[in-house]
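Shared between the two complexes below is chain A, which pairs with chain B and chain C, respectively.
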Partner chain A sequence: MSLDAIPIQVVHTTPPGEPGLTGNAPPLLRELLEQVERLLETGVPSAIDLSALPLTPADMDWLRNALGPGEIDVTLDANGESTLSETGCPGVWWITHRNEQGAVTSQFLEVTFVPELVKAHPQDVAMGRETLERLLADL
Partner chain B sequence: MSLDAIPIQVVHTTPPGEPGLTGNAPPLLRELLEQVERLLETGVPSAIDLSALPLTPADMDWLRNALGPGEIDVTLDANGESTLSETGCPGVWWITHRNEQGAVTSQFLEVTFVPELVKAHPQDVAMGRETLERLLADL
Partner chain C sequence: MQGPLIDTLARQGVTRRTFLKYCATLASMMALPPAAGRAMAEAMAAVRRPSVIWLPFQECTGCTESITRSHSPTIEGMIFDMISLDYQETLMAAAGHQAEEARQNAMKANAGKYLLIVDGSIPLGQNGAYSCIGGRSNVDILKEAAGGAAAVIAVGTCASYGGIPKANPNPTGAVPVSDIVKDKPIVNIPGCPPIPVVMTGVLAHYLTFGSLPELDDKGRPKSFFGETIHDRCYRRPFYDQGKFAKTFDDEGARRGWCLFELGCKGPVTHNACATVKWNGGTSWPVESGHGCLGCSEPDFWDGGGFYKALSAPADPLKFAAAASVVGAAVGVGVSFANRAKKNKAKATHETITVADLEK
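Then we have the complex of A and B:
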């Protein structure tokens, strides 16, 4: 093994060829590249439903390590916790939904400037307005 | 004291009149209501710079308790940690910036559907595209 191979071992904790890797994860990087290009050119977001693909836990680890960590982590607590983490590729978000018992129910890679779930929806903001009106009435 | 007063004590851990309260916090609720109405009517976001106002720690606690906790918490780690927490009034976000030593450097109430800082900017997404291209070239 040449010295050049060492950085690859650092990035991928499970090197290709290790038990559990199916080879299904690397093609997703090409899919993500196409989705990122579409986002930049047209503004249209997209997503890959990881739960619907034949990926092993080792494949998931490989993918997560390849994309690397980002700067933004979002936690959404509504009937179970969801985490929306920007990856080391800005615009690519790793999204994990859990049920109220904490079990993972689905995982997505979303390619978007900001995940839809992080936005407050106008009907919720209208409820926020009512809450403020109630607080003011109680002063 | 009538029984009707009890819920107010539950919401405000420091009841009005307690030491440290200046009375500067309650008017901010009216300001927030106006900003939320503007957001709903025009889509224009706005913010209140809490660090620039004469608010004591007790005032800040009162305000935070009055608004209550929301469902979304964002952590942004870039030259110090920033937290962006939706309050119990959707569309009103409590934003705290810290320096690399963890000391609070500024606090804002931002009235917006989603804080600007949570969005990936196009130039960052373009860097993400390059990262993906590099990952694919290394496969």
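Then we have the complex of A and C:
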């Protein structure tokens, strides 16, 4: 028996007639503005935890559209894929962490020049140096 | 990040970025501010690993299975790299006298500092004879081990509230840890089984801040048990609209409507299933079409039937806050409907289901 024979259809959970917008997304723009100003004035980065807020998928889409696409997308392959994408507002990054099954585990908006995760840690760079030295020694 | 943990992880192929990402997600799940993720990563990498003694009492090992067999073994397995697990019957290589000796040694060497994890309830009937390890009763072993512990973590509903062994008529006289240990901080991580990441979160909190997380009135970490299943259920819009599945195979069930009338205990159950989900975030009971059983609440097994709609609020205050007036009214209506249906079925000899019998 094919699975199609089982009469279960996936129904989207947003009831018909409702766009699913809660109005919780627009105030985030104001918070982002404050964070961007802080970054420009003091250089201090900040972040908003999107998974901790009562945002529906429609709210998320609205926010993503409002911020628009940016120029840089970074993909991190670490126990599942993470994407770090600069939005249309430079300095505002949309960060999505996924697990190995591809499910989203957490989402953040980070206001920073470069997200911390992108930078190489000095200790890791030191390990890279050792690798290079070994390569040279083997030449 | 310095210290041995990051090196241990590196040897297992876990990179610094993987660890940072993991900590960021953990902090998010624990409702900590984003910056806490970094703090956690730094603290956990540098910390001296605390000694942990894990005692299994009247239990089915489901809790251990839940925690050790999660879908991303490298990540959840990290908790075993963050701690020095000095005694765990299911996982340790030693057995018999050697195992008991390992526990005694760890208790002596780390007196006053080790974390004690307990899964399973403690039988008090027949002087505790219903469950013994090495000829000693559970209650005896627990009292001794708790004496030198910094804190006790009760894993699973049995250790937290007595669970299934304590269900009526409780033949072994089972009690939870909190009935025996009175002078140490206790964290309850209920669930049958508990969600693995809750346990990791409690350990991470302890390692980072040196303290236990904030608890609710039933001793559970507020960050994971602060809301009900119903509060965060994706079927909630249907509940609010009064759209309920009436059987497991009707039109409503196919359309994914609310499972309240099929016995869902979501409105009175505090747990993180609706947000954290199960099996690596794949799905969770309500998403697979079955109501919540209420497994993280005291006495869930004696709640009057898994397929019986909540009619009387089990926890009036919480229920009133969580359910709308419409919802509560629906509940009362359902219990009348249930009874009417059963009587009718009896009278006309029509086939009735198991679910009908429980109503």
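The rule is simple: the second predicted complex is superposed on the first by the 121 of 139 C-alpha atoms of A that agree within 3 Å, B and C clash if a C-alpha of one lies under 4 Å from a C-alpha of the other, contacts with A are read in each partner's own complex, and residues count from 1 in each chain.
Convention: a contact is a pair of C-beta atoms (placed from the backbone, for glycine too) under 8 Å apart; a residue touches a chain by one contact, two chains touch by 3 or more.
Since the structure is predicted, the reported quantities are computational estimates derived from the model, not experimental observations.
> With the two structures laid over each other on chain A, which partner does A:Gln101 touch: chain B (first), chain C (second), both, or neither?
second
> In the superposed arrangement, does A:Ala66 touch chain B (first), chain C (second), both or neither?
first
> Examine A:Ala52 and indicate which partner it touches, taking first as chain B and second as chain C; both and neither are also allowed.
A:Ala52: touches chain C, not chain B.
> Looking at A:Asp124 after the superposition, I want to know if it touches chain B, chain C, both of them or none. Which is it: first, second, both, neither?
both
> Determine, for the superposed model, which of the two partners chain B and chain C contacts more residues of chain A.
B
> Is A:Val44 contacted by the first partner chain B, the second partner chain C, both or neither?
Neither chain B nor chain C is touched by A:Val44.
> Could you pull out which residues of chain A sit against chain B in one structure and against chain C in the other?
In chain A, residues 8, 76, 78, 121, 124 are touched by chain B and also by chain C.
> In the complex, go through chain A and note every residue touching chain C.
My answer: residues 7-11, 13-15, 18, 46-49, 51-52, 76, 78-80, 82, 97, 99-101, 103-106, 108, 110, 116-117, 121, 123-124.
> What residues on chain B touch chain A, complex-wise?
Spelled out, the residues of chain B in touch with chain A are 8, 26, 29-30, 32-33, 36-37, 39-40, 66, 68, 71-78, 86-92, 112-114, 118-122, 124-129, 131-133, 135-136, 138-139.
> Note which residues of chain C are touching chain A in the complex, please.
1-2, 14-18, 20-22, 24-25, 28-29, 31, 33-35, 38, 71-72, 74-75, 234-235, 237-238, 241, 254-256, 275, 277, 280-282
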